[in-house]
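Each chain carries a letter (A, B and C) given by its place in the written order, and its residues are counted from 1.
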Amino acid sequence: MLEFSAVLALVVLTVGAACSLKDARISLATSLLALAIVLAAAVSTPQLFMYVLLVIAIGVLTVFSMNVKENQMSGVDYALVALITVITVYVAYTSDIAFVLAAFVIASVPTYALIFVSTDGKPHVDVAIKYIAFMVLATVLFIIGTLLLVYSSSVKDTVLYTLGFVMLILGLGMEVGCAPMHEWVPDVFSAADPLPLSVIASITKIVPFIAAYKILLLTSLPQLNNLTLFVAFIAVISMFTGNIGALTAKETGRILAYSTVANMGYIIATLAVITSKNYLYLAFAGALLQLIVNAFGKASFFASIKTDGCSRPLMYVLALSFIGLPPLMGFWSKFFILTSLVGAGLVWLAFLLIVNSAISIPYYLRIARNLAKDTVPGKVTAIALVASAAMLITVLPPNWFINVAKLVIGGV
Amino acid sequence: MNWEIVLLFVAPVICSLPIAFYWVKEPGSDRARKLPMLSVFGLFISFVIAIHILLMYPNGTYTIPWLPEYNINFVFIFDYLSKYMGALTAFIAFMIGLYGLEYMKHDYRLGWYWFFFNMFTASMLLVVYSDNLLMLLIGWEGLGLASWGLIGHWFRDDDHLSYVGIVGRKVGPLKMYWPPSYGGWRAISTIRVGDMPMFFAVAAIYALTGNLNISQIHWGALFTKIGLAGTVFLMLCLLMGPFTKSAQLPFSEWLMTAMTGPTTVSALLHSATMVAAGTYLFIRLSWYIHPWTLHAVPGVGVLYYIVLLLGLFSALYGASVAIGCLERKVLLAASTMSSLGLMFGCAAASYWYGKLAVLIAFWYLMTHAFAKATLFLVAGHLIHATHDRFCCGDLNLARKMKTAFIATIIATIALGGLPPLTAYWVKAGMDTVMHHIVEMVGSLPLDLLLITSLLYSAFLAKFLSLNFWKGDKYRLHLHGEKLMPLAYACVVSMVFLLLYRILTGTDPLVETHLLEYGLDKDSLIVGLGVTGTYLFALVVPRIRALSPIGTFLGDRMYLPALNDFIVPSIGWAISKLIEYTHRAIDWFCHFGLPDFMLGISRRIRAIQVGYMRVYMKIALAFVMAAIVVSMLGWL
Amino acid sequence: MMLLYVLLLPLVVTFLTPLMRPKLATAVSAVAFLIPFAYTVYGLASGLVVKIPVVDIVRPIGKFYILGDQVSFSFALAICLVSAMVALYSLPYMAHRFEEMGKELESEYRKYIFFYNLYATSMLWLVFSGNFIMLYIFLEISLLASFLLIYMYGYGDRRKVATLYFVWTHIAGMLALIGFLMTAAANGSLAFDAIAKIGFVAWLLIFLGMIIKLPGLGPHVWLPWAHAEAPTPVSALLSPLTVGLGAYVILRAYLISPWFIKAYTMPIFVYGVISSIYAGFMVFRQNDYKRLLAFSTISQMGYCLIAFCLGTYGIMAVIIQYISHAFGKAILFMTAGGIIANYHGLRDITKMGGMHEYIPTISNAALLGFMNLGGILTVGMFGEFFILKGVVDTFGLDISAILAVVFVFIISGLYSFYTYKRIYCGKPAGYEKVKVNRLLDTPLFIIGIVSILLIFPPLAAILLNAVKAVIAKVAIATIGGVAP
């Protein structure tokens, strides 16, 4: 059933993309159809349904954000976004390292094309080169790291294992934009077109983390215990660089770039909990939820940049969610992360996270203020509305999400 | 019985509420100006009930539950002290209320005035009748608040007639004149300083004994338990309340500037409420502590000796200041302070002399109350009639204001201790007491008492003389007042009632003791001396040659510096220091730290030069470094 | 179950009032808080203890339940009354504020009343939370709502001040959150009835967080900004209710595991005294009415810190002090607002003087407020009484401790009357006499009268007996508690 739906979705996407040369609207329809197929298939695994639903929602939002304005590859872009979405859904179902690696690549490669997108006819080549160069390097590091991990865990070679782990984390960090490998992020986020960025900054971040989690869990050695400090180190640098850097950034895109760096720092911090049996799931739940919050928020913010702003209350809801105020979703993600860090004995890391969360307040408010304007109905407003509504689904404590996270990480 | 007791306190307050609210709504309207009648009616109810209590109630306590789980209740005590004091308070308050109807007729902010006036009375009654210390504190705080409200009643500070001191006069850094709003502030600030230690002492007594009823606490056991230092500390804290309220040294300044209030307020404040509350409380405490039985308990003797000397020195200070004063009300205020000192001193002597000393102090309190109320009411009438705060008047004035003149003569003689009027007998008792304790504590108290007595009669005579005989020129504005003379005539007549009780020996406790003391040879000599100074001062009210001394005394020996200069300077210095600290912290948190962060932020962003090769260098360098370090086994 | 409905009422009303016209919305909001007020009085009088389960969260967090005990009811008493009265007061004040900002009343008020009710309701729910995380959530919601109100309607550089407020209180909340989470990790639950002990670091973090919120000396610098620049009705909730909730949180932790405060009695006591005196002296130097009141808040909260160190009676004093300060400071902020609304933003005390001449009702109300601060003839009197008793219980007749506390109390009394003199007495400053809107003064008197009634029977007995029930709890906790 699952395999069938996946294949079907891919076929639909391909056909749609092909037809888009004639009319972009066909591709839009087929992309949505493909996502609908995936969603329908997910009914067979009700435990994961909420995850799928959220990812599909993000996918639909990003598809529509590409649709905000005509660009030189309209039509194909929908299909590419939908493809990333589909792969993001399916990576949750697998526990096969090969498939996970493939998903990592598939989720990343379409963005190489998307980054060129522009709505004024001139492709952003300069930016694209920076982006692609970093992505390629990241992918290589990630893949080599994975291979080393797989090999060394089977032969119990701790030196190679360490090397593999470090490379994997470096690859992951570079891919998603952790400091100090974040140099591409501010440039790309401020210079590229906001529309593809609403994809690149949001949904594409999910797969690398899930992949890293799965790989590390599948290949774990006792040596892992000693390596979490490295992750914490990167996390701390990333958090501080992102949050402090954002304080003086002026363009909204640039602020969002640093915000991304900071958010990736929070998320990568959870990898430090990976050796704690009791809190692993909570940590992953926090990471995943934070990714989802990040995806919803960034997609809406970038789409709003394109139209020079969006409805005031929606912008504030999203910003406050990023800050982490209950009962918004952003609170629960941070809450899970903090709980897992404290539970695993990393109180100092939790403390630093809090300091960062306080530093971040001014610039999130600035983002909201920059983007806020009076409410007018439109595509972007609709996108932000859906995203804000998603932030509010956790008014009741999201217990269920921990179970979902358990399944995502364990495969089905 | 229940409702009657509640009504005693509640009636004045309730009856003053209509004007309090109505005046805010329609200030100065005709209807609002009629409502004070209702307030006075409330005072009348209290008066009737107080008389009823005096005549009909058996001695004992009466309890209304308040916080039974804490063993704290409204406990009303009806004994010799409270019955007399209650009746006296209610009577004087009612009379002054009547007087005030006329005195305050054309004034502003009458809602405020009458509300606080009645609350003042009710609070005092609560203090008088309460056996429970916490309940007493409610009345006590009420007194403080009401006195503040009334002293500062003329809050606009726009009428120089309401000031104290010569407007514009400065001595060094000190402004020697005080507007009403400042007078109110000085009163409440001094009183808070005393009330808080007292509040502590009450709480401490509760913590140590679990009981707050004055008549039930085992004082001896308590003192034994906490030892010498504890006893002195605790009781001095407790007496800080009475000391400040009764304006003993060095807390006397507020009382002098309390004269910024309407004269009715001064009259009430100085006779039956507020300042009397302090001495009354000390008398009541001594009555139940039985210090004369506690000679074995360490600390009690020390405590009573301190109070004895403090009281007598305050008495001397007050009398000296009064000698130098030319302002009608301030002169009387200083004399009040002097009298209060005598009461403290005499009551404190009970440690050596026994209960009778307390009784004498109490009788002096009553005598003083009636006489001083009369003098103040007369002074108010004079100020009204002459529009002048300073002593002025001649025989012509005396002829036009006969009642006032006669009342003043009676009051000064009765209070000054000239035989054969009331205070003579009481002071004879004091002389005897102080004479008796010379063996135990030396002759200092006796000497202080005698000097004070002489000065006392002198300045009273001076008051009489400067206002009705040999005073300065004046302009007279008589408005045909009726209630005012009636009120002080009634009040002054009460000194004869006291005299009657003394001379006939019909009082159950005093019996014929005072009569015996008064007929003693030594007392007669003192009485003659006092009469001599009185007559001398009457004829020579001012000695020009001594005017520098007079100014020094009239400026209250520059004690105002304490309230107006020393304490505020220290306070401002501390607050300035604190403000700089605050600014430093504030700057660090809200400017220094954020700016530091912004600086780092700029440096972080400085990496973004836009050149690919730079980025790649940084990223690859980090990657290589991480790999190398991990391989070195550092991780 | 009754409690649940009573608590749901303001919550439901929060979402309904934006749909109503301003007058109706105001009236409905006030009623929505007066009904819980009546219920809390009933709860106190009948010694009610209620537990209503809400949801069960995964293991380290434990179950959420609504806990209505005497502590909750005592705090709710103040919250409900002040919220109801300030709601009434909001209408004329915000009408003035909107006019000043050039906004339209009808539409702006919808936003305002929504966030106002959200703010007040979250505080009410906070004191009925039976789980630290639940408590934390409401703490943050109240922060959010108050932040937005300052951000939208504040004075001065309102965005900066609002952000500053947000950052400080967010740190406060998050520190406490880590403390809670550590407790959760150690106990497997954060429900009040399931925690055995709060460890050292956890206690320290909770305490530090709440010191920021309370605030104590040092982190207090945020408070004068926030409380002075907030729109006055918000100040009138912020200062009386919100900061004191810091004391509530510490109190809850204390009732569960009192060892921390007991082990560090002396430093906390000294810190409280210094905080209080420091802020008390600062009051004398302020020329901005609202900023002055803000410093007075710091001083008054120092009382709470002091009281925590004073054993069982001290704990009672914390509760009474919260109520007393809430009433007093609410009144005072509303008087400041009254002057602002009537005299076009007049806040500078140096430009005031003899204001009693122009606004006698507000002046009289201010007197009631200052009486509350000084503990004169109002419920604060019991607070001071219990603190003083606690001092003797804890330190005996130790002169320095006693004088310190007495000095703290004296300072409060002095600055109260000094301020009153500066603003309301003296030569009238030359303004026009205005007709004060009834909603700008009546609510103040209602609070004032309640605070006076609370020292007389029957309300005094109701409140203090209820508080005594807390003592019994403390005693049990002390016996059964774990030594450090």
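Just so we're on the same page, a contact is a pair of C-beta atoms (placed from the backbone, for glycine too) under 8 Å apart; a residue touches a chain by one contact, two chains touch by 3 or more.
Owing to the predicted nature of the structure, the values given are computational and were not obtained by experimental measurement.
With centres computed from Cα atoms alone, the innermost chain of the structure is C. When you average the Cα atoms of each chain and compare centres, the chain farthest from chain C turns out to be A. Rounded to whole angstrom, the centroid-to-centroid distance between chain B and chain C, based on C-alpha atoms, equals 35 Å. Here the spacing of chain A and chain B, counted between their Cα centres, is 75 Å.
Taking each chain's centre as the mean of its C-alpha atoms, chain A lies 42 Å from chain C. Among all residues of chain A, those that touch two or more other chains are 359.
Against chain A, the residues of chain B that register as touching in their complex are 597-598, 600-602, 604-605, 607-608, 610, 612, 614-616, 618-620, 622-623, 626-627, 630-631, 635. Partner chain C is touched in their complex by these residues of chain B: 24, 27, 64-70, 109, 112, 134, 137-138, 141-142, 144-145, 148, 152, 155-158, 179-182, 184-185, 188-189, 192-193, 195-197, 199-200, 202-204, 206-208, 226, 229-230, 233-234, 237, 571-572, 574-576, 578-579, 581-582, 585-586, 589-590. By the touch criterion given at the top, residues 164, 218, 221-222, 225, 278, 281-282, 284-285, 354, 356-357, 360-361, 364, 371, 374, 376-377, 381, 384-386, 388-389, 391-393, 397, 399, 402, 405-406, 409-410, 413-414, 417-418, 421, 424-428, 455-457, 460-461, 464-465, 468 of chain C touch chain B in their complex. Contact residues of chain A toward chain B in the complex are 129-130, 133-134, 137, 141, 159, 162-163, 165-167, 170, 174, 180-181, 183-184, 186-187, 226-227, 229-230, 241, 244-249, 359. Across the complex, chain C is touched by residues 282, 316, 320, 323, 325-327, 331, 335, 338-339, 342-343, 347, 350-351, 354-355, 357-359, 361-362, 365, 369, 396-397, 399, 402 of chain A.
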